[in-house]
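Okay, so subunit A shows up in both of these, paired with subunit B first and subunit C after.
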Partner chain A sequence: MYGLGILKGFGVTALNAFRSPFTVEYPDRRVGLPGLARSAGINPLAFVLKRPKDALKAVLGLAKIPARSQQHSRFRGQDFTWYVERCTGCASCAKLCPLGIIKIVTDPSGRQTQEGEVYDIETFDIDLARCMACGICVEVCPYDALHMGSGFERARYGFPNLLITVDELKKAPKRPSTWFRPQLEERGYHPHKSGQADWRLVGRHERPTAGQLKRNWVDDRAK
Partner chain B sequence: MTSSFLDNAFFRNIYCNLASSDSARCAGGGPFGDGLFPPGWEWFAFLVTAFLTVFVVINGALLGVNAYIWGERRLIGRIQGRPGPNRWGPFGLLTPVADLIKILTKEDIVPAAADRLLFFLAPFLIVVPVLLVFAVVPFGSSSWVADLNIGLLYVLAVLSVESFAPVMAGWGSQNRYAMFGALRAVALLVSYEIPMVLSLLGVLMIAGSLSLVDVVHAQSVPFILVQPLGFLVFFIGTVAEIQRAPFDLAEAESELVGGYHTDYSGIRWGLFQAGEFLATIAGAAIIVTVFLGGWRGPDFLPSHAWFFIKLTGVLVVMTWIRGTLPRLRIDQVTSFAWKGLLPLAALNVVLSALLSLIWPAPTNGELWIMVAINMTVAAAALIVLGQFGPKAGERPTPAPVSTLREATPGGGN
Partner chain C sequence: MSMRTEPVTVNIGPHHPSTHGVFRLRVTFDGEVIVDVEPVFGYLHRGTEKLAEERTYVQFVTLTDRMDYVASMTNNQGFVLAVEKLAGITPSPRGVWLRMIAAELQRIASHLVGMGFFLQDLGAFATPLMYAMRERERILDLFEMLCGARITNSYMRPGGVFMDAPEDFWPAVNRFLDEMPGYVDEYESLISGNEIVLSRTKGVARVELDALINASISGPMLRAAGLAWDLRKKHPYEFYDRVEFDVPLAQESDNWARYIVRIQEMRESVKIVRQCVQQIEPGPIRPKEVPFLVRPPAGEVYSSIEGPKGELGYYIVSDGSIAPYRCKVRAPSYINLTLLKDMLVGWRVADMIVTFGSIDINMGEVDR
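Moving on to the complex of A and B:
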């Protein structure tokens, strides 16, 4: 009969109104007393007794808890994760960058580079203002030193601040995205859940043992 | 005028404190001794009290608009799977305040080609008539500004004045989109005014009075039960008359930018919005008064509380409709009014006339018999009318394409 479809639609919207919303509230989420107590890890009654002021705020609807969306582990963020321990300063990333926005200056002085040592990286500038996050620099890195990051809060108040310097790269928390790094996924790593990743974890191969290193660098040359 | 706001104890006390010499109304002086004004100044006391009443009612209505905007946005948000405004104040309650501050600080732009008088008058013409409606709405068993003996006629007349505003805005802003919106608004209002007024005739026959207070007194059985068809037609007609979704094609933002208020900005645009929400509340108040028993209800709550509970219920249903139904096309809207609502309203008038011939002054028991008859006829009428629409899964036949191409010599490729 004409009009029954309309009533069906009313039923759908009425059911929808009682479901919890899909929205991820960023950067923080307003919670009531139960939600605040759950985020503090104690039951609501104990929460009221322990922190009555916060409980009152929560009842009035003014309490906030931080909320972050759970990105997929392969999500390519707006930053890079770089391991100075793994980088040899070969500058493959700088050569292959389609936009030419990576600048690397290395200092070979005083280092036995021929003997498997590395260059000292003086400058490693990535101009995020022009970066299109294609990820070619990450694909070409032979030593798995450069990874896409997983952060998404890199908005800044000016173009100069968008330049990532080597100091910033060294200091940044090491949460590499698992994009183009299947070894990280095989090891069950998730940038948001697993915490920071050490340089020993992120390589394509197992870390060579002392015996392997000796075989590679000492025994071979002795022949 | 049979009675006025001085029936309300609150305002009578204020009046009697100002002029206790008016022995007709304030026997034994005011509650706090003698009046403030000397004898002969009763008119001034009346003026002061009247201004106070109007102040309370208008500001109450505007506060209601703010509360309703918040409630509607929250509810629509939940229907659409999002939380709705929740950043400003507890549960987002201060969001309308923030919106108002934003609107007040925006630039007021007047198009260079605008007809300035009409352009400036239109926003006021959309707010003032709706505020006038609140003059006759009984909010409680003794709370109203004025009890006009032609109350319903007054409401319909005043609400019709409001339909000038879209035309003035559309014409005044000299804008094609605005003009289209205005023309759509006129078509809508012309179509829905008739079934809406016809649907009220049945109520008048039973109540025997045009006064809204008398209509409420006549509802020992709520008229939604006695007049189910009348309620249906009047509800749909009201939603269309105040141009809310799904009848908001006069300001269809996906087709007409903003409709008749495309060129308005700042507080003038805000007046249009406030007028729209005020009209929604006024329409809901009329529906509550005429069909849902007004302030009447069991005694454990005061009469005002019953009125506001019913009002909230009607507003929630209107928001629910807005969150559910998509916007109609203009031809669907008008054909629905003329082919659907008008026959139903006419049937209701004929049926009510017959029943009121049999029972000129219905008692409670006779009202229940009328409920049974009217419900049966309403269900039968809806089922019969439903047979004329498209069947489930069937697509309506498209309108005939212009034959211009076949008429051109040489055929059409």
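Moving on to the complex of A and C:
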């Protein structure tokens, strides 16, 4: 019979009315009274007595709470996590970035640094406006100083505001992604659930001391 | 009584929503019937092949994502296989299995997008596309577990992949494989029996097999004409000779056949991923001796894989340095598009957009 296939299609569409929605609500999630009370941390009855206006809103389906996206711990975010304690200023990341957007300046103050010493990092700029989050800088970092971040909400007005400067990198909360960092994954680290990661725990090995660096780069080469 | 009519030339694009990107068609109509078609492309040209010449082999993997951006994993795979052939690298078995899993999941995702937008062009506004995006979303979640990114994956490296799958990937992929055939049944009962879709697509824009072969068309378009040409069967790369699968065929070579072949290929890809998950063995994902800066010996290589849209080939010339001397991409979308005039002449305006959708092209790959 002509039209049977269309009716069958309508049946599939109608079936979806009885399924739970697939859509993830972001940045705000609509909740009922129990959900709102849970997010406030008290039981629903006390919530009604304490904040009757909000409770009425929740019953009417108007209450919203902020929602966090369910991202995997490996998610390559835009904000980089950088540990000044681990960085030696070797600039591997800057050399191997496919777009050349990392700028590193060490020791501008005129201090005569010898080869093999740990450099003071004056500039460590990452131009996020051109970054494509490929993660090669993180992959080649020999001392696990640079990690991908876990955030993705870095929208700014104007290109200059997208530049991550060294001060911002130093101050930013340390929530590294576990991308290309199996040692973090073995420990079950999750950037949003486990809290901030300390610089002593994020590396595959200890950071070389100044003496070791000098031995590797100066003394061994002189032989 | 006959009326004297004059042909009218109309520009469709480059900013037309149904052209899947920035693509322009200069169409000459006689009334509503198409008399002549002139495709104009190049609006999305970014010079990816030239950029390859000043980037190392691993750095260029990140740019292959940007060519066919709904099938990044297969783009990675094609390039990486070419580099391995050129440099004589033997990949690690576990890395190869992971690459196959990723590539077949990507094939399902790409066919979902192709199917959804084909039906969207037909006028089934948003409903089938939403169903297609629902499952694609789950595949992208699996990719996020594997490599941290959803679209621009850059997951593969010469010798294997850069990181092993996390432990929570395996239950997730098994759950997806159990549910995916049911979803495909759902599309079939939603669309495949629909009389409007059938009358709009059956017999429309038919092309002869000879014309397809002469224009070196590949992929689902060729298989919809009844020729079982699939590089996974004909020249097995990776471990495709160790898995069992059929090559879905249709004989009609019209818009409907191109749609139904893609639907059936999704079922076959689910089978392949299931066998890969069963056969994968523990071990290293990448040989230790492969350096970050691959230096292939001087020479040239052409290596091709069966991408979701057709034969995806990479031709690399090396001069022994860390960057390719020349890198040429045989993009399936670009070559499949060349037969557009033969398909469209004699059909009407409404069939034009549907036919264009049935080729399943991606402008990022056409213009590169």
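Keep this in mind: the second predicted complex is superposed on the first by the 179 of 223 C-alpha atoms of A that agree within 3 Å, B and C clash if a C-alpha of one lies under 4 Å from a C-alpha of the other, contacts with A are read in each partner's own complex, and residues count from 1 in each chain.
Convention: contacts are C-beta pairs under 8 Å (C-beta built on N, C-alpha and C of every residue); 3 or more make two chains touch, one makes a residue touch a chain.
Quantities reported herein were computed from a predicted structural model and do not represent experimental measurements.
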Handout entry: Winner by number of subunit A residues touched, once subunit B and subunit C are compared
Key = C
Exercise for the section: Once the structures are superposed on A, label A:F75 by its partner contacts, choosing first (subunit B), second (subunit C), both or neither. Expected result: second
Exercise for the section: Tell me which partner A:A133 touches in the superposition: subunit B (first), subunit C (second), both or neither. Expected result: second
Problem - Touched partner set for A:E25, first subunit B, second subunit C, both or neither - result: first
Problem - Touching partner for A:I6 - first (subunit B), second (subunit C), both, neither - result: both
Practice task
Quick one: classify A:P98 as touching subunit B (first), subunit C (second), both or neither.
Solution key: second
Practice task
State whether A:G158 touches subunit B only (first), subunit C only (second), both chains, or neither.
Solution key: neither
Practice task
Answer with first, second, both or neither: which of subunit B and subunit C does A:L60 touch in the superposed model?
Solution key: first
Problem - subunit C-contacting residues of subunit A that also contact subunit B - result: 2-6, 9, 12-13, 22
Completion exercise
Residue positions on subunit A within touch of subunit B in the complex are 1-6, 9-10, 12-14, 16-19, 21-23, 25, 30, 60-62
Practice task
Over in the complex, which subunit A residues touch subunit C? Could you list them?
Solution key: 2-6, 8-9, 11-13, 22, 71-72, 74-76, 96, 98, 132-136, 139-140, 148, 177, 179-180, 182, 185
Exercise for the section: Can you check the complex and tell me which residues of subunit C touch subunit A? Expected result: 55-56, 58-60, 62-63, 127, 134, 137, 141, 144-149, 152, 154, 162-164, 166, 186, 189-196, 198, 292
Exercise for the section: Name, in rising order, each residue of subunit B that touches subunit A in their complex. Expected result: 75, 77-83, 86-87, 90-91, 320-321, 323-325, 382-383, 385-390, 392
